[in-house]
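Given below, in the form of structure tokens, are the structures.
One chain, chain A, appears in both complexes that follow, with chain B as partner in the first and chain C in the second.
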Partner chain A sequence: MEKYMILAPQKENGGLFMQPVIQDNVAHIVYDEARAAQPLKTFLLPPLDEVVGKKVQAEKPWLFLGIKACGLAALPILDQAFGGDFTDPIYQKRREESFIVSSDCTQPWETCFCTLVGGQPYPVKGFDLNLSKVWDGFVIEVGSLRGKTLLEGHDEVLKEVVREEATALEKMRNETTKKVEEQNRDFKFEKRHREVVSGNWESEVWERHSETCVECGACNHACPTCHCYFLDDVTRKTFVKLRGWDSCMYSGYAVTAGGGTPRPRLYERFRNRYFCKFKYLDDNYGMYGCTGCGRCIEGCQGKIDMRQALKDLVKN
Partner chain B sequence: MGPQNNPYQSQKAVIQKIIPETSGIKTFVVQPESGFSFHCGQFAELSVPGIGEAPFAMSSPCFKSEQLEFTIQNVGYMTSRLHAMKEGDIVGIRGPYGNGFPLDDFYGKEVLLLIGGVGFPPARTLIYSLLNEKNKFKRIILCYGARTPEDVVYKYQVEDFRKKIELYMTVDKADKNWRESEGVVTVLLDKVKVDLKNSAAVVIGPPIMMKFGTFKLLEVGYQPKDIYLSMERKMYCGIGQCRHCMIDHYFICKDGPVFTYEQLKNFPNIWE
Partner chain C sequence: MLENQKKDVGLYGFTGCNGDQLTIIHSEDKLLDFWQSVHIKSFSLAKSDNDDSDLDIALVEGSISNQEQAEHMKEIRKRSKKLIAIGNCACYGGVQAMELGSKGWDQRFRKVYGDAFFELRTPIESKPIDVFVDVDFYIPGCPINADQFFYCFAHLIQDHVPTIPDHPVCAECRWRENDCLLLKGILCLGPLTASGCNAVCPSHNLPCLGCWGPVEEANVSSEFNLLKEKGLTQEEIKRRFRMHNGSGIIKPLKKILGVL
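Let's look at the complex of A and B:
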């Protein structure tokens, strides 16, 4: 365990935040409930990172506790974006070495909508171990060889899951799923998101829903799949290249030397974010850029709700 | 982790020579420390150490990898620092990136290049490649437009090109010594007769010029699949990650910069 830097969701001002685990806060770890505020990219692709100049070998690998299904669902996008033809060795190292212990959701946030985008509030893949709180213990699911190895030699605290426990787990999962479905009843539609968005290039919805946007970029920065970045060459003691989170909502995002930009108006940038999530990323990586985590709704200064925008597009 | 497997790491290159082209454009001859092979139409990320990095097309022949040329307009933060550099100074270079021109598509055809302003650098690389296998192409026609006679790049090569390819030039505003056409580059298309069934057109230049150039080619009778565009957008990574250069789902840096108009014609705002 000393091998890892452990991060786990902990309560603070009514929210859940990924915090380093130290001796005296182990008791405050919240395994279940709902996703934490920070997405995993915060740690795998930090907001400002040295991509040239840093000695990444010196970093301790992460051990994440209490990651939810919507967090795991975002990783294949980052893996494809930062793997593939030009693998980012820093991301790859952090990703390969980090150990993920996920957990079922039990008390989804009001903004959660994983069930609308093909997800479910409990992890089914992408974890090393999954812990589901049942009664006074955990049902542990092994998701990788590393997960299996970690459990080896701990037989004194492990026992086979009995039928009653399996039934209780299933019941709990169904209940949480129902809860998410229920709170999103008004936002549900049958049409595929891809068609809803790409069939609506011209729509008053873009202008109407972006009216209250203040271009803060919170929707991008909070999102577990958004990964646009800028690069910056700076001279510290020696020369370094920094990579920082960018936001496609910023007016300067795509401005070139002549001052031109393909999306000068705010509603165009707003629309682009939806097109990116439900068309472009689907074309690039075969999956939507939205896992339904609700962070962009929660963090929006303009109280913009993606679910409502999508629903209004369907109505058109 | 060596530089060879860190895609963000540049190699060093020495500026060997700086050729002034116009008042705002210079050609930099650079020698990368450990060689740099590329295909014509590809580009590199050049950096001024500690200042910044930007994408530029190579303008030298792609069969020469030990020495590269870049023709660069001074337009802002990074390019102004670059323009202030001297022979012997060190820049960073990483790449090559992008797909480059599909020369195979051009074999046996009349190749028409419609080039505006500082779109010439990648076009010059293409011309070198075409001349290198000259007998494989039916015709090589260059239509080049600049704002004024002073803005013409590679003036010292014009006479040589004229001997080897069909060359038409125009400027928006002529002076009394100008012997060629006057008007925007599309006026040159009225002078050239091509065999439309067997021709490919390449368009490179500022966005507006590319837009009207493409429309003119369509008007003349070119098919969208026979019009090749070298696109430019804001770009940081050059490697299909940062997403700044996207046109719809295409990465200009990776899927492009060369696209046929057929590929892009249904997307809105491609010229901005």
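Let's look at the complex of A and C:
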């Protein structure tokens, strides 16, 4: 374990936050419950990072504990964005080296809506190991060769899953799924998200829902799949290029040379975000950019609810 | 840079705390480069032999608060090819222009100074410099950020137009991974305020006061309603909005309240 720097969800002020695990807080790790406040991109793609002129230092790779299904679902988007035709070596290195131990969601937040966007509250792929808390132990699922290797030589703490445990696990998963479905009962619709969004370019919903937006960019920054960044050249002692999270809610976003912008109005920027999530990313990467983690609803000052906006679009 | 290619630059300060000029003087590591890259014709805070020759670039800080300053400002504009406003006072009017746009300046003035007779200067309502002259570029801040200033300065002396990222303070706050103060119910002006300060106040758990002036296209009315919902009075919110934003907040506030 000395090979990795371990990050795990810990309780703080009623929320869950990914924090480095040290000797003192091992006992406080929250494996199950719900997703942490920070998305995985906080670590794979830090908020502000030196990308050129970075001091080369040997940093330990990360081991993430307690990542939920909505976190894993975001990784294919980032992988394609930073590892597709044009590879980003910094992201690639961090991604390949880090080890992901996911776990089942048992107490989803009020804002969670993974079932609405085709997800489920328990991981099915994308992890190295998955831990599902059953009674006073864990059911471990191996998802990769690295996961298998890590378990080797620890036979003294491992045993076969018995039928009762498997049944209990399935029951727990069904219960959580039902819970998420239940709290999103009012927001459910049959139509495909892609059609709902792309058929409503000219809708008053965009203006109505963006009225309370203060353009703080919290929805973008908290989103596990939002990955737009801006680059800035800074001269410190030597030249450095900084990469920081950008936000498509800012009027400065997408400004071209000469000061032109394709989306001068707030509702246009607001609409663009929904189109990006449910149409553009689907066109480019073949998947929706929304994993239903609910962070954008939780972090919004203006109480904008993505579920309600989509539902209103369907009604149109 | 060759001697004959160097630009003639002048720095001028009007009503304000001189904090922007001081920020330049306090950048010791860059001071020699600063002095060598241009001909500094005038910099009253730093040297005594200042002349009034023609300039390529004039950097002006402070707001205009008497008739004589207004004339001096116009005279500087006449002999400079480019005029750059530095600091919040020059860009938006600063704290001394917090009541800009509302009526009754005469009464406010008399309340403070009574019937005092001003022999040397003729006081007027304090206003940002762009009320009197055309400004080519604005570098906001209270005081300016040295890194941002020298970045812009390096562009300007090579006849480039600098670009300052158009982000609210919220962006920098996230980069520093701070907790959101607004979500805690604290009156923070982060979403309305231009970035560049590196979110210094919220990083120390203090709310943003908006000292960098408004960010372009900010949704002021939404922030206004949001703070009202949090239980703050209209007067209190208005007072905070107006504190540093001077001329920048007049239009959106008028739209919300009807009158100032």
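As a working rule, the second predicted complex is superposed on the first by the 312 of 316 C-alpha atoms of A that agree within 3 Å, B and C clash if a C-alpha of one lies under 4 Å from a C-alpha of the other, contacts with A are read in each partner's own complex, and residues count from 1 in each chain.
Here is the rule we use: a contact is a pair of C-beta atoms (placed from the backbone, for glycine too) under 8 Å apart; a residue touches a chain by one contact, two chains touch by 3 or more.
In this text the structure is predicted, and so the values were computed from the model without any measurement.
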item	value
Partner chain(s) touched by A:A81 [first = chain B, second = chain C, both, neither]	first
Partner chain(s) touched by A:D232 [first = chain B, second = chain C, both, neither]	both
Which of chain B and chain C A:K311 touches, first, second, both or neither	neither
Dominant contact partner of chain A by residue count, chain C or chain B	B
Touched partner set for A:A254, first chain B, second chain C, both or neither	first
Partner chain in contact with A:G217 - chain B first, chain C second, else both or neither	second
Which superposed partner A:R95 touches (first chain B, second chain C, both, neither)	neither
First, second, both or neither for A:L266, with chain B first and chain C second	second
Partner chain(s) touched by A:Y280 [first = chain B, second = chain C, both, neither]	first
Touching partner for A:R295 - first (chain B), second (chain C), both, neither	neither
Touching both chain C and chain B, counted on chain A across the two superposed complexes	230, 232, 234-235, 246, 255, 264
Complex interface listing, chain A residues touching chain C	42, 47-48, 211-218, 221, 230, 232, 234-235, 244-247, 250-252, 255, 264, 266, 299, 301-302
Complex contact set, residues of chain A against chain B	51-52, 56-57, 81-82, 84-90, 201, 227-235, 239, 241, 243, 246, 248, 253-258, 260-264, 275-276, 279-280, 283-284
Sites on chain B touched by chain A in the complex	1, 5-10, 47-53, 75-76, 79, 206-207, 232-234, 236-237, 239-244, 246-249, 254, 268-269, 272
Contact set on chain C toward chain A in their complex	147, 150-151, 165-168, 170-171, 174-177, 180, 182-183, 190-192, 215-219, 222-223, 225-226
